[in-house]
Every structure is written in structure tokens, then in C-alpha cells.
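Next, two complexes with chain A in common: one pairs it with chain B, the other with chain C.
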Partner chain A sequence: MLSYFLANLTFAGIYALLALGLNVIWGMAGMINLGLAGFFALGAYASSIATVYLEFPIVLGVSLGVMVAATAGGVLSQLSLNLRGDYLAIVTLGFGELIRLIATNETWLTNGSDGISGVPGPFRSSLTPLAFNAVACALVISTVLVAWFISERIRKAPFGRALRAIRDDEMAAAVAGKPVRLYKIQAFAIGSALLGLAGAAYAHFNSYVAPDIFRPLLTIYIFFALTAGGTGNTLGAVFGAVLVIALLEGTRFIEPFFESLSGVQAASIREIVIGATLIFVMRFRPKGIFAERPPRPLGTSD
Partner chain B sequence: MELLPQLLINGVIFGSLLAIPAIGFTAIFAVLRFPNFSVASHATIGAFAGYAANVWLGLPTVPALLFAFTTAAAVGCISDEIALKPLRPYGALTAAIASIALTIVLENMVRLGFGNDLRGYNLPLMRDWRMYGVRVGPQQLQNLILALMIMTIVFLALKFTRTGKAMRAVADNPELAELKGIDPTFVGRLTVFFGMGLVGAGGMLLGLGTSIDPLTGFRFILPIFAAAVVGGLGSIPGSVIGAMVIGIGEELSILVLSATYKSAVGFFAIVIVLIFRPRGILGERKF
Partner chain C sequence: MSILNRRLFLGASAAALAAPSLLGAQTMPIKLGSLTPLTGVGGTYGPSMRDAISGVINQVNEAGGLLGREVVLVSEDTQTSPEAAVRAARKLIDVDGVAAILGTWASSVTTAVAPLAWESRTMLMCVSGADSITQLPHQGFICRTQPNAELQINTAGEFMLREGATQLAWIGRQTPFAELSIHVLEKIAAENDFGMDSLIYEADKTTYRSEVDQILRSNPDFILLGGYAADTVVLLRDLWQAGYEGQIVGPAYAVNPSVLDTLPKDVTEGVFTWEGAPAVESAAYANVQQILGVEDVDPYSAQTYDHANLSILAMAAGEGTTGDTIQSNLRLISQGDGALVDNAVDGLAMLSGGINYSGASGPCDFDDIGDIVGTQFVFKLISNGVASVHSRT
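Then we have the complex of A and B:
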């Protein structure tokens, strides 16, 4: 039971990293990214391939995963910078599918739909499964804390203020002399780096990656986490991620009461609940549980 | 077997089937101004409604297709009214995210009822025809003719009926249309009804050639978007041309790429068009 709890806390941490990454891209800079599962997959696969096939140490593998995702984010945003938001939605969704297609088909690199197994975890061989879960949980939570700290710094820094200005009125930000294009690419790359980091953490904790894991469903989970928590609010992003895992796992405990349901049916009901709740939250609490509170300018008081 | 003519024929057939859901997607975009990603689940719903009519009730293809159209149109209307319409004032992106959530809800409702198994339609087996070394199945030909008929009806309806003209007016200039006494809410509902109906019929037409499962619609989502974007988002003739480009492009890609990468053609087509001609082939507005 403790092991199960720790594992879910770890997954919540990974979702929190994803939500923080999406928060930089969508919450702060207002760029939509419906392909975040693709960046998550890039981080996971890059780190797995580096540590399993090339036998890199884990730290190097994870950094590689982060770099690959950040580069892909930079390039994709560079390509689609002039597009209006709804086009970017289509392009990023397509990107996510493309990554999944590559992961399924380039068997020499990714082992196709069988996936890569035996991805090393930190100290996995010398620990009991429970102790490993505890170590992984502690590592992921400290990573979330670091990512949260960085996000907060970005949010309060001039860079973060400029991003919000771009999000709210791009033209005005450009007139004020902000390098809009550069900032948007940077924001997308920073956010993608966090998404890639989450992917790498997932691969090393789970010890297995396969294309099935990176379905667009994940994108909805994370948008749910961010929207429920409060778009643009870093604390809300973390809270929302915990909420998603609690919803997903909590509903498992109700399942035994409905014996007539098959596993597939139970899973589909869970997903219906998540999707419907997201629509509900967007409609009745569009600012989320914690609304965004932009930091006050220096030298002002309440 | 002659490879190139065969691929061209396959491409034209696939393209004309793809055009049906692409018209639905682009029409909804033109009137309501947001990319409605729930086309994925509505294509699935159409495919399964057609399956139920065909296999359970034993109806032939054309009535089953009508049933697919009506079911997807009705589900589209109701779900839009409940889930998406209240969110449209928050902006196109909010509505787009909600439409993905809606897709997940609807797709899982299909899964709840039908499970994940692959299902095939009950169709008479017929031998392929061979002409000049090119093979065409009678079923494929029937699907092609059905798709062309649907397209003809759509174009005639948009051109000559009052409703069709009202839709074009709202798509072109919503404020002016409203001044002229056209109710945009009503036109929006009609567009969702016919648009999602077309998506559902298209889902069934695309499913007829293979077997279907709850992810059927999602598999076609990239080529559908690509058709709409290549042709120019919001332009109905454009979406037909776009669908032909994507259909033929996907088939011809087999000459240079492995067949499993067919659906990547859609993504690259989107990126290339957006870099060099963002408004697409027939799009009038530059975005």
C-alpha cells in the first residue's frame, strides 16, 4: 500500500512537471501546445535510448532528453511563429501524432510498438522495490520543487512579465520594444524542456517506454491539471496534477462495487469522467481553483 | 499490375472519401471560427452507427449511411449545445481544448458500448475488376460514387437553398449577416448539424474499406485537418481539393516512404503549406 502510494505520488510529480512545462507555454506565453505528449515522448525515448543502447549514465541520459525536447520545441515554434493560435493547435496536435508514428515505426531505434524495456532507474539494482519507489519519489519531488522555483523566477522576472504582455496583447508588447518572436521561441523551448524532463523521469521510474503511453489522452490530462489548478499559476499547476492522479486512481476504488463492468468499460468511464469534468471546470470556473495573480510591480502597495 | 496508375486511382478514391469529413470540419470552422477536434469522435460515431444499421438491422449501405449521418449530426448538435457553445465566448483556443475533451468523452462512450474489438461491415464479397492492369473493387467504386453524390448535394445546397446562402453569409461576414436578419445562433446550429453529419457519413465511408474500432476517427484526424488546411481553412471547395492532394499524396508516398508513414504526409503537407502559403490553396483570408 505504501509502495502504491509512493508510486502514485511519483506519477503526480511527473504530471506536475508536465503541467509546469505547459504553464510556461500556454499559461504564461499563451501559445497552445496540443502535442505535449510528443515532447514527453521525445524526452522519454532520448533518455531511454541513451541509457539502454549507449549505456550513458542516467544523469547524462536525462539531460539529453531535456535537450532534445527543448530543441524540438524551439524548431517547431520557429516554424509556426507566424500562425494564428488555431493553426498552432493543429500543427502541434499533428506533431504529437508524428512523434508517435516515428516511435511505432522506427523499430531499429525505438523497438517499435514493443517499446524499450529495462530502462535503468537510479540505484534500482541495490534497493528493494519499496525503497526504490521511495528514492524515485524523493527525486521526482525535488525535481518538481526545482522546476517550480524556476517557474516562479521566470514568472516574476522581466522575461515573465514580457511573456504575459505578449500573451495579452502581442502588438502592444512589440510596440513597447519587446523582442516578441525571440521570447515566444524561448518560452516554447523552456516549456518543452520541462516536458522532456518529465518524459525522462517517467522512463527511468517506469523502466519501460512504448508508443501507447504517449496518446493524446495525456495532453487532456495535463490541460485538465492546468485549467483546474489555474492557468498561469505555478502552484495551481502542481495542485492540478495531484488532483488528476487522485481522480484517476480514486475512481479505481469504486470499481469493485460495479462488478458487471469489464476492465475496458471501467477505463472508459474513468476517461469520460475526466473529459466531462474538464469541460465543466472550463465552463464554471474558467480561472481554475487558484486564479492567476500577477506579481505586483515594485514600489506599489495594496 | 501497373504501380503508378494504381496508386493514382487509390489516391483519388481515398481523397474523395476524405473530402466528406473535411467539408464538415472546414464548414464548422468557417461559421464558428474554431478548429473542432471532436470530428474524430463524430467520425467514429458515424462509423459505428452505420455498423449498427448494417450488421444488426441488416440494412444495405445507402440507408446505413443515412443513419450514420443522422446519428452523428444529432450527437454533434446536442454535444455542441451542452459542451462547446457556452465556451466559445472565451475564445477559439478554449473551445478547441474543450473539443478534445469532448472527443475523449464521446470516444469512450462508444468504447463503453462496443468495446475495443475490431468490427467489420457486412458487405457482399465481390471480385475486384481489372482494367489495363489496374485493380478496382466494386465496393470502392460504390464508395467513390456515394462520396461524389454527397459532394454534389452539398454544393447545390450551399449555392441554391436559403439555408446554404445564410451559412455562406455568416461565414463571410457575421456582423453584416446579422444586420440582414440572419440569426447566427440558428445558422451555427445548422452548420454543426450538417457538418458533423458529413463527418459521421465520412467516418463510415472511410471505415467501409477496413474494420472499425473506437479509434477509427482519430486515425483519420491528421489527413482530415491536412485536407482542410491545404485547401484553405474555411473554404469548402478548397477542402475538396485539399483532400485530393492529401489522398493522392499519401498513396504516392509509398513510392519513396514505407507504407506505415502514409499518415505523416498530412503533417508535412500542413507544415509546407503553412510556411509557403498560409491561407491554403483556395483560402481568401490571410491569417
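Then we have the complex of A and C:
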């Protein structure tokens, strides 16, 4: 039971990294990124290829995953700078699918739909499954803390303020002398770096990557996490991620209460509960459980 | 006197407190996990796969259980996604403590769950075909009842030869079998001096007109399909519209009854299908028919029926209830010179004399790495919208 709890805390941590990444791109800068799973995949694949085929140490592999995702994010936002709203959503959605198609078809690099198995985890071979889960959980939670701290600093810094201005009115921000295009690219790259970091963490925890893992459903879960937690709110992002995992996993334990139901019906009830929760949250807390509050500028006292 | 009494009292109460847990260890149910795709792409197969396992467990419980204990099924949904399946498998292993996980379907799901299984010493029985699965370092904790891809493709290739093919073609989507299929057909073509052309298309398209034009450029007279049901519907229609008059053979899971219902009869006329043949004449097959209440048992449900029987018999043979017991006793009860049995209830009764389980999906004999051997195949010919048996291997 403890092992299961730790594993799910690790998954929640990975989802939290994704939600924090999306929060920078969408919550702070207002750019819709439906290609989230693609950046997640880039980080996961880059780190897996580096550690499995090139036998890099894990730390180096993870750093490479972060860099690849950040670069891709920077380039993609550069290419789509003039797109906003729905149009940007379409481009990023396409990007996510593109990455999955490349991972499926470029067999020489990614081993195709077979995927890459045996991705090393820190000390995995010398630990029991429980101890490994504990180590992974501790590592991921510390990473989330660091990512949360960085996000918080960005939010409170002049850069974060400028991002919110761009999100709310791009023209006004430009008139006020903010380098809108540069800031948007930077925000996208920083967010993508967090998404890539989550991907690398997932690959090393799970020890297996395959194109099927990076289907758009994951993107929907993370959007749910962020909207439920509170778009633009870093605490909300983390809380939302924990909520999503708690819902996904907690609903498994309601099945024994419905003994008359068949397996399919019980599985469907899980999906109904998850969907209904989203509807309820959106209906009664449209700004999320922790709504965004403008921060006090740095350096002011209480 | 008073001290003695107190000691006696303490001892007695400790014993009284400990008794339920000692008794509990003897009477606690034995748990088997089913991890089938109840939702998602595999959702058409998963429910009956699960029901087949459940049916076996009910029969064993009615006959008195396993090692004097009740067997309980814990069922989880893979959602046909490796990401969701890993979380479900962790729950089965860490919370429920199942001895075996039965019935993983998609190859990517099996590969994702595999490391969890062997690290926690839980048995994993799957119906996935990708060759790479049994090549993992699984220490005997994986076995599969589905013939591996190489065997399947070789069988189809030989069939094409027998039916008089001279110019081969393969067209399909990207799967763990795609490259292997092309490779096998190219080898057959080279040995017989035939031509061979291949094309991997993108899944989820609404038309394959240009792909069909491209593959027909080499004038094939026998095409092997490599897709799943959703894209095969579109492809068969486009091949027909393009006026292709040669022969076609496709896997039975791709050219399945729902595809035959969807397409006009003209389109599917003369198409061959092939699949690992369930042992339709066997008593085990009849048992699955009865459990599921259907006439035609799909190959995957026949296989999960066997998974449940095999794991129960292996636990009984090893007189243990862990994954280790199943791993070390599986081949003892599935192959060899023992008496042939086709269900766990009979097997449990005859166990002492040595048994050889032979089930609904075939003889259930495994090689060293957990691949099934001795699978029979059946080829069916579709005529007037109905598939009927054409030949067997």
C-alpha cells in the first residue's frame, strides 16, 4: 500500500511539473498550448535515448531532455508568434501529434511503436521496488518544490507582471514599451523546459517510453488540473495535479461498493466521476479552486 | 499465584489477539488480477476477456476453492493506454497483492507493465504479439498465449505462396509488426524470385486513395494487410474502388465481424483472414462458450480463460499463492506427459498424478522465454459477407 501511495505521489509530482509548465505558458502569458504531450514526449525521448543508447548518466540525460524541450518550445513560439487563441491552439495541437508520429515512424531513433524499454532509474537495480519508489518520490517532490519556487519568482518579478499584461492586452503592453515578442518566446521556452523536465522524470521513473503514452488525453488531464486548481496560480497548479491523480486513482476504490456492476460499467463510472467533477468545478468555481490574485511587488512588506 | 495468573492472563490474551490474524492468513482469499482494456481502442475485447477469467474463478470456488481458500478476481482497466495501465498495475500489485496479472492486450501496455511485474515477482500473462516482449529480462515472470508476430507473419506468407501468389505487397499502419512483416515477405519474395512492394500509411485517415494507387503500381496479385479494424475498413473500400482484382489476406482482428457488417458484401468478397485458431473442438472452448453465453468466442477471451486456469493450477501444484509459485510451476502443469486436462477444476482433482493443461486457445505449451509453441492457425474466406473456414495449418 505504501509503495502504491509513493508511486502515485510521484505521478502527481510529474503532473504538477506539467501543470506548472502549462501555467507559465498559458496561465501567465495566455498562450494556449495543446501540444503539451509533445513537449512531454520530447523530454522523455531525449533523456531515454541519451541514457539508453548513448549511455549518458541520468543527470545529463535529464538536462538534455529539458534543453531539447525548451529549444523546441522557443522555436515553435517563434514560428507562431502572430497566432493567438484558437489558431495557436491548432498549431500546438498539430505539433503534439507531429512529435508522436515522428516517434512512431522514425524507428532507427525511437524504436517505433515498440518503444524504448529499460530506461535506467536512479539506483533502481540496487533497491527494492518500495525503496525505489521512495527515492523517486523524494526526487520528484524536491524538483516540484524547485519548479514551484522558480514559478513563484517569475510570477512576482517584473517579467511576470509584463507577461500578465501581454496576456490581458498585448497591444497595451507593447505601447507601454514591453518587448512583447521576446517575452512570449521566453515564456514559452521556460514553460516547455518544465514540460520536458516532467517527461524526463516520467521516463526514468517508468523505465519505458512509447508513442502511445503521449496521446492527447494527457494534455486534457493537465488542462483539467490547471483549470480546477486555478489558472495563473502556482499553488493551484500543484493542487490541481494532486487532485487529478487523486480522482483517477481514488475512483478505483469505489468499485467494491457497486458489486452488481460489471467490469465495464465500473470502468465507465470512473470516467463519469472524473468528467462530472470537471463540470462541477467549472460551474461553481470558474476561476479554479485557488483563483489567481495579483501578487504584491517584490520587496514590499506585509 | 497472582503473578502466575497475570502471566497466564497475558499469555492467553496475546494468543487470543493473535489468533484471528493466524487464522486469517489461512482463510484470506487468493487474489488474481485482470488487467484488460475495458475502455479505449481495445474496449471491444476487454469486457469478455475479463468475464472469461471471472467464469473460471467462479467454477473453482464452487468446487471448493484453491488450497482450501477462496479465489477472488480484482479487475482493473488499462484504458488501452500504457500510462493508465501502469497506474492500474501498481494498484493490483501494491494494494491488492495479486499473484498474477492476466490479460494485458496492447503490446505497448504489456511492455510498460512488464518491469513492475518482474520487480515485484508477480506473474504477467498477456495476449500481445510484439516479439520484443518475451525478449525483455523478465526472469520467467512473463508468458503469452498469443503467437509472436514472426510466427504469425510467416504463416500468412506461406499461405500466400500456397494460394499461388507471384507478386506480393504489404500495406499497413505503423505497429510493432510492420517492419517485421515487410522483412518476412521480402525474404519469401527473394527466395521465390517474386516481386514485393510495401507501404506504411498513417493511421486514422478517412481515405487511402493515394496509398492504394501507390501500392497498385507494382501490380501485386496478393496483398497482405497490416492494419487494425478502423483503417482496414477504409482501405478495403478504397482497394475495391480502385478496381483491384487480386487476392487479399488480413489478420482476423482487422477484418473482424464489425468490418464485415460495415462494408458492402461486394467489397469483402474473396478476402482471406487468418488467426491463431482457438481449439474449437475442445471441451475448454465449449466451457468458454458457456461462460460467455456466445457461439463465437474471440481468440483473446479463449486466451484469458487459459490464463486463469494456468495460474490457478500452477499455484496448486506449487502449494503457494505467490507470483513465484506460478513462475516456477507453470511449465510443470502446462506441458509434459501428464494427463490432459482442459479446466482448473478437473486439474485440481488430478494434480497428484501429473497433468498437462490444454485449453481453449490451444495446447498452451511454452518455450524458455515464455512464447507459446504449437499454435494452430485457421484461414477463413469471406463470401457473401460471411467468413467461413477455408483451411487450417
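In this text, the second predicted complex is superposed on the first by the 270 of 302 C-alpha atoms of A that agree within 3 Å, B and C clash if a C-alpha of one lies under 4 Å from a C-alpha of the other, contacts with A are read in each partner's own complex, and residues count from 1 in each chain.
Here is the rule we use: a residue touches a chain if its C-beta (ideal position, glycine included) is under 8 Å from a C-beta of that chain, and two chains touch if they have at least 3 such contacts.
Just so you know, these numbers come straight off a predicted model, no measurement behind them.
In the superposition on chain A, A:208 makes contact with chain C only, while chain B stays out of contact range.
Residue contacts after overlaying the shared chain place A:81 against neither chain B nor chain C. By the touch criterion defined above, A:104 reaches both chain B and chain C. By the touch criterion defined above, A:113 reaches chain C but does not reach chain B. Contact with chain C, but none with chain B, is seen for A:3 once the two complexes are overlaid on the shared chain. Once chain A of one complex is fitted onto chain A of the other, the partner contacts of A:67 are absent, as it touches neither chain B nor chain C.
Once chain A of one complex is fitted onto chain A of the other, the partner contacts of A:150 are absent, as it touches neither chain B nor chain C.
By the touch criterion defined above, A:235 lies against neither chain B nor chain C after alignment on the C-alpha atoms of chain A. In the superposed pair of complexes, A:94 makes contact with chain B only, with no contact to chain C. Comparing the two complexes, residues 101, 104-105, 217, 262, 264, 268, 271 of chain A contact chain B in one case and chain C in the other.
Residues of chain B touching chain A in their complex: 29, 33-35, 37, 83, 86-87, 90, 92-94, 96-98, 100-105, 108-109, 111-112, 115-116, 218, 221-222, 225-226, 229, 233, 258, 260-261, 263-264, 266-267, 270-271, 274-275, 278, 287. Interface of chain C with chain A (complex): residues 34, 36, 38-39, 43, 46-47, 50-51, 75-77, 79, 81-84, 86-88, 90-91, 93-95, 106-109, 111-112, 114-116, 119-120, 130, 132, 136-137, 174-176, 178-179, 200, 202. For chain A in complex with chain C, the touching residues are 1-4, 7-8, 11, 101, 104-105, 107, 112-115, 117-118, 129, 206-208, 210-213, 215, 217-218, 248-249, 252, 255, 262-264, 266-268, 270-271.
Residues of chain A that touch chain B in their complex: 32, 34, 79-80, 82-87, 89-91, 93-95, 97-98, 101, 104-105, 216-217, 219-220, 223-224, 227, 262, 264-265, 268-269, 271-272, 274-276, 278-279, 282-283, 286.
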